[in-house]
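The following pair of complexes shares a single chain, subunit A, combined with subunit B in the former and subunit C in the latter.
And now, the complex of A and B:
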C-alpha cells in the first residue's frame, strides 16, 4: 500500500501522528495557559505545545514517507525559531504599551502606530530621520555606483601593478566600520586632521568640515563611499570580464565609436549586476547608523531612522514604540523593493 | 603478618580515611568559593579596584572570593549594562552604575535596596554615614534624597580645572595679560581656584594663537587655544557642564524632589537658566574648532589638552591620570590644578557643579552567600586604609576622615580641589525617564552649540518636552 495514501486517523484517536488533534489540543491548552498563567509560565507552556504540534507533523510525515518535506524541516525550524518567531513576537509587541525596563504591559491597540505617525514631537522626529535617511540613500548609493563603476572600468584593463592596486582598493570593504569611523573622525578633525590642515594651507582660513549639515553629510557620504565602492566595483568587474572579446574585435572592425561600443556591448552585460549592486546598497544604506554614530552622533541634522530606532528601542527602552517604527520601516522597504523589482523586470522584458 | 596487625592496620586505615573525609568536608564547608560578577566601565578607577582586590583582599569569612570583572568601554557602557539588565540574563551581581540610572533600574526591579544590610551591621552603617552627603544623595538614594539606599561610592568624581603652568606662568604672558585685562593671569592652584567664568573667558580670548605667533616665549608650533570644556552631543557630554552654569547663575533644572508639584516649564527655561546657557555658549568661540562640530566630548577635550593644544580644560578627575603620564601626555610635567571656575553673585562665589563619579550597586538576584561576601568587600573597600591607597593610586574618596586627612592633598595634584568642591555638588535627575530627558536635552544643546538656535529657544524646547513627558508619566500634576 502506498504510504502517502494511508488513512487519516479519527479526530480523537490518541496516536502520535494525529496532527489535527495535536493542533486543536495545542491551541486549547495555549489559550487556557495564556489566560490563566503568568506570562513567564505560559510562555513555556505555549512553547511546549508548539513543539508537540511540530512533532505530530514530523511523525505523520515520516509515516507517510514525505521525505522531501522532512529533509527541509530542520531549515524551516531554524528559520521559524530565529526569524519568524521574533518577527511575530515584535509585531505583537507593537500593539502593547511595554518598556523593557518596566514590569507592566498593557494592550493599546494601534496607539503606538498613531503616536509614531501623528504625535507632534515623536512623529516630527521620525519624519525628519526618515527624510535624512532618504537623502543618505540617494547620496551614498549614487556616489558608490559612480565611483565603483569607474574603478571597475579602470581595473578591467591590464596595467602594471594592477594586482596590488586592486588589493589596496578592496581593503576598505574588509575593515570594520568602527575602525573606519575612528579613522575618519581623525581625518576630519579640525585640530589633528589632515583635511583641515591641507585646506588651511591652501586657503589660509581655518577649515572645519563637520560644523554644518552639508559638511557633516559630505563627511558621512565620503566615508561610506570609501568603504562600499569596492563592493560595487567587484560586481561590475565580474560583468566586465565576462564580455566576450570577439564582440569588441567585431566592433573594432566596424569602427564603432567608443560610446556606442559601451552602450551596445558592455552595458548589457553588466546591467544585471549593476542592478544587483544597486539593490544591495540601497537596502544597506537604508540601515545606515554605524557611521553616523561614530562621526556625528546624529548632530548637524544627520539623524537617520536606524539610529533613531536604536535610541528609542535600546537606549530609552521603549520596546513597543520601537517595534511600531520597525514595522513601518519594514513596510517601506518592502514597497520600495517590490517597486524596484517591478521596474527592473519590466525593463528587461521590454528589451 | 598476624591477624592482629592486620586488624590494627585496618583500623588505622579506616580512621585515616575518616579523618580525611571529615577534614575534607569541613575544609570544603569553610572555604566555599563565591564568585561576584561585576560590570564596570574600563578606566583607571576600576582597574585599580580590581588590582587591589586581587593583591590585597582577604575575606574575613575564609571563603575563596573571586571578583569576575567585565571591563566595558565608556561609550558603550550604558547600552551594554542596560541590555544585560532588561534582557533578564541576570549576569551581574555588582554593577558600577552612573548615578542617573538609579531610578530606571530600581523601578525595573534590578537594583537591590540595601537598607536592611546597613541596619544589620552597625559598623557598616557607621562607614556609610561617613560619606559626604552630596555624593551619598547622588549615588545612593532613590527617590532622590530619600532614606532608601541603593549604592556605595565606587569612584566619586567632580569637575576640576586642568591648567598648563608653562604658558600660564610665563613672564611675558603674565605681563601682557595684566596689561590687557588689568588683573593677574592665574598661574598657581590658588589663583585658579579664585577664577570666575569671566576670568576663564579672558584666558580663552588671550591665548588664542595662530601657528607661528609667539606663545610663552617661542613661536607656536600649531594653532593654540585658551580654554576647553565638554560640548559633545553624545551621552551627557554637555549637560554635565551646562548644569553647573545654570545653577551658578541662580537657575534650576526640573526638581525631582518636588514631585508631583515641581514644574519643568518656567523653571527649566527661566531667565536665569537662559543666562547660564548663554554664558556657556559664549565661550565656545575661544575653544578648539572641534567645539563647533558638537563632537567635543570629555575624551576629545582631554586629548586636546594632553596634546598641548589648550591652556585650560575643565574635565573630570577620573580622566586625570593620563595627563600625568609622560607616555600619554605632552604636558605631564607642567600641570597645575584648581577648582572649576565659579560665578560671583552679590560678592559671594557660587561654585555649583554637576557631580560625576559612580556608585556600585547590588542586583536583586544576588544570593545570600554572595551578598554576605559583597558586603564584606564593600566594607573593606570603604575602610579608610584602602580608600587612602585608592586615592594615592589615582582614585578619589568621599569618606570624610580620608579626604580631611592633611596627607590627602599630597596624593595627586588635583586633590587640593576635591574637598572644597564636594560641598557644591548637585546631580541631574534619577527618575526612570532620565534617558529620554537626557537625549532630548543633549540634542537641543547640540543645536545651540553648533549655532543652529539660541539659548532661549533651546531651553523652551527642553522645558516643553520635559513638561509633556513628565506629565504623561505622572511626575508632574
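And now, the complex of A and C:
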C-alpha cells in the first residue's frame, strides 16, 4: 500500500536497515558459530543474530514508514530461530561427516549425497524407501481425495441433524495417531482382530491381512485415509456450499444435465480448494512414518523414507547422512509443490 | 460488501446458497454412512468401558447393550467405569498398592501447551498475514513459499539442532521450549490461512477508514480483524487438532514435568513388558478426545464458514 519512499539499499551496503544483508549475515554467523563454538556459546550467538535480524526489519520498517515490516517481524523472528535456522543447520550438516554419538566432524563436500545415492548397500535401501513413499503418497492422497469428496457431496445439503452427523465423520481426525495406530493393529490382528474374525466366519480359514506386501500396504493406506479424509472433506465442503444458488437455478431453466452442471458450475468453485487439499495432504503424506512404525515396523517392504530417516538419524546416529537424504526429499517435494501451484495458477488465469 | 452481515450471506450459508434442502430420508442415508465411518472410534470408546479381561476376547465383544435382543449375547459385555479410574491411579507392580500415575498433570500439560502455543501462533501469524496481504514485499510469494517449506521436512531433521539449542540454553524439558517450537510449527499454516482470509476482504472499507483519519493500527483492529473472526476460529481449530495430537516433537522435547498425553499414553501402554494394555489405552484416548471434540463441535459453524471465506475467490 505505502509505496517505498526511499530506494532499498544494495545488498552489501552496511546500514542498520539493510535487512537482506542482516539475514545473510545472521545465518552465516549462526552456522559458523554452531560448527565451531561449544553448544552453550553458540546458542547465544544464534539468539543475538535473531535479534539483529529482527532489529534490521524494525529499523527498515520505521525508516520507510513500512508497517508491513513491523507486522511480519515477530513471525520472522520465531521462524528464524525455530525453523529456518535448524533447516539451514541441517543443510550445512549434510556436507560434513558427523555422527551424533561422536565428537569428530569434518567437511566432506557432496560425499554424503553421493553415498546415499550410489553406495551399493545403503543406496538400495534408500531408493527402495523412496519408491515405497511415492507409492504411499499416490495411494493415500488418492484415497483421501475420493473419500473426502464423496463425504463432502453427502453433507452439501441442509438436512435434519446435519451438525451432529458431521462431527461423527470429523472425529477420526482428532484421534491421537498412537491410539489409532495401535487399535488398527488390533483390528487387523490375525487371532483377536475384528477383520480376521469376520473373514474367518465367511471363508472358514484364518485370515492374515498384514502377511503380504499388498495386504500391509492396504492396511496402512486404509488407516491413513480413514484418519485424514475428513480434512479433505472440510475443504471440499467449504467449496460446495459457496456455489451461488442462482447458477443452479439458471442451469435448471436451461435443462443442463447433472454431469455438465457439475463440471461447468460446481467444479470451478471447488477446484482451488481441491488443489489446496492436494497440496497439504501430499506434503503430509511424504512424512508418513508413525502409522508404518505402529502397523508393520517397516516389515513386508513397507519402509518409507521418513521412517528410514528416523532409523538412520536417531538409531544409527548418522545425522549427516540423514540430513542429506532429507534434503533430497525436500527437493522432490518442492518440485512437486511448485508444479501444483503452477498448474493451479495457470488454470485460474485461464478462466 | 459494505456491512458485516452481507459477508456471510454472500458466502451462501443462508438464503442465497446453492445448498439444497433435503429431508429425513437423506438424514437416514447419511446417518448410516457416518455411523460406519465412526465405528472404529466407537470401538475404542467401548473398549474404554469394557472389563479388562474381555479386551482380547474371541469373538470380540462389541456392545455394552444387547439393544433389546438385537445383538447376540456373546457380543455383549457389561460396562464398567474402572478403566477411567486406573488412568489416574493404579498399582504399578503386580499386587502393589495403587499409585498416582501423574496423568492429571499430563492432561493439564497438554491443554496448557496446545492452547498457549496455538493462540500465540494465531496472534503472531495473523499480524504477519496482514502484513503479507496488505504490504506485499517484492518477492512476497517467494517468502510465503519459504515459510511453507518449513513444514515439508520430516520433524526428525529439524529436531536435532533444536534439541542442541535448548540444551545449551538450559531450556530442555521446559514449557518455554515446547511452546516456542509448537508456535513455530503452527505459524506456517496460520500465516497461509489467515493471509488468504485477508486477501478476500474488500479494500474499500479500509481505504474509507484511512481517509477518515484512522491509523494503520486502528484500521486493522476496527475494520479488518472483526471481518475474519470466522477465519480465526477455523485456523484455531485446525491448529489445535494438529498440536493436540503431535507426538514426535513432544517425545523428544518434553521432560517428566512437561510431558504431554500422547507421549505418556505411548509409555503407559507399552511399559512393563506385558504387551499393550488395551482398556487403559482406550480409556486414556477417550478422555483425551473429549476436550478437542467439544471445541470442534462448538466452533463447527465457524470452521465451515471460515474455510469458505478464506479460500473461495469471488
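In the analysis below, the second predicted complex is superposed on the first by the 272 of 351 C-alpha atoms of A that agree within 3 Å, B and C clash if a C-alpha of one lies under 4 Å from a C-alpha of the other, contacts with A are read in each partner's own complex, and residues count from 1 in each chain.
Methods note: contacts are C-beta pairs under 8 Å (C-beta built on N, C-alpha and C of every residue); 3 or more make two chains touch, one makes a residue touch a chain.
Since the model is a prediction, treat every value here as computed from it, not as a measurement.
Student: Once chain A of both complexes is superposed, is A:107 in touch with subunit B (first), subunit C (second), both, or neither?
Tutor: In the superposition, A:107 contacts neither subunit B nor subunit C.
Student: Tell me which partner A:248 touches in the superposition: subunit B (first), subunit C (second), both or neither.
Tutor: After superposing on A, A:248 lies in contact with subunit C but is clear of subunit B.
Student: Going by the contact rule set out at the top, does A:191 touch subunit B (first), subunit C (second), both, or neither?
Tutor: both
Student: Going by the touch definition up top, name the partner, subunit B or subunit C, that contacts more of subunit A.
Tutor: It is C that touches the greater number of subunit A residues.
Student: Could you tell me if A:175 is touching subunit B, subunit C, both of them or neither one (first, second, both, neither)?
Tutor: second
Student: With both complexes superposed on chain A, which partner does A:121 reach: first (subunit B), second (subunit C), both or neither?
Tutor: first
Student: Using the touch definition from the top, say if A:331 reaches subunit B (first), subunit C (second), both or neither.
Tutor: In the superposition, A:331 contacts neither subunit B nor subunit C.
Student: Is A:269 contacted by the first partner subunit B, the second partner subunit C, both or neither?
Tutor: Only subunit C is touched by A:269; subunit B is not.
Student: First (subunit B), second (subunit C), both or neither: which does A:317 touch?
Tutor: Only subunit B; A:317 stays clear of subunit C.
Student: Which subunit A residues come up in both lists, the one for subunit B and the one for subunit C?
Tutor: After superposing on chain A, subunit A residues 100, 191-192, 314 contact both subunit B and subunit C.
Student: Using the touch definition up top, name the residues of subunit B that touch subunit A in the complex.
Tutor: Contacts found on subunit B: 78-79, 82-83, 85-87, 104-105, 107-110, 222-223, 232-234, 288-290, 292-295, 304, 307, 309, 432, 435-436, 439, 443, 446, 450-452, 465, 468.
Student: Which positions of subunit A touch subunit B when the two form their complex?
Tutor: By the definition above, subunit A touches subunit B via 100-103, 121, 185, 189-192, 196, 206, 208, 210-211, 216, 295-301, 311, 314-318.
Student: Mind listing the subunit A positions that touch subunit C in their complex?
Tutor: Residues of subunit A touching subunit C: 1-2, 34, 39-44, 46-47, 66-72, 74-76, 78-79, 81-87, 89-90, 93, 100, 151, 154-163, 165-180, 182-184, 186-187, 191-194, 197, 226, 234-235, 237-248, 269, 272-273, 276, 283, 286-287, 289-290, 306, 309-310, 313-314, 319, 322-323, 326, 329-330, 333-334, 337, 348.
Student: What residues on subunit C touch subunit A, complex-wise?
Tutor: Residues of subunit C touching subunit A: 11-13, 16-24, 26-27, 29-31, 33-35, 37-38, 40-41, 43-44, 47, 56-60, 124-125, 127-128, 130-132, 134-137, 145-162, 164-165, 167-169, 180-181, 183-185, 187-188, 191, 216, 241, 244-245, 247-248, 261-262, 265-266, 269, 276, 278, 281-282, 284-285, 288-289, 292-293, 296-297, 300-301, 303-304, 307-308, 311-313.
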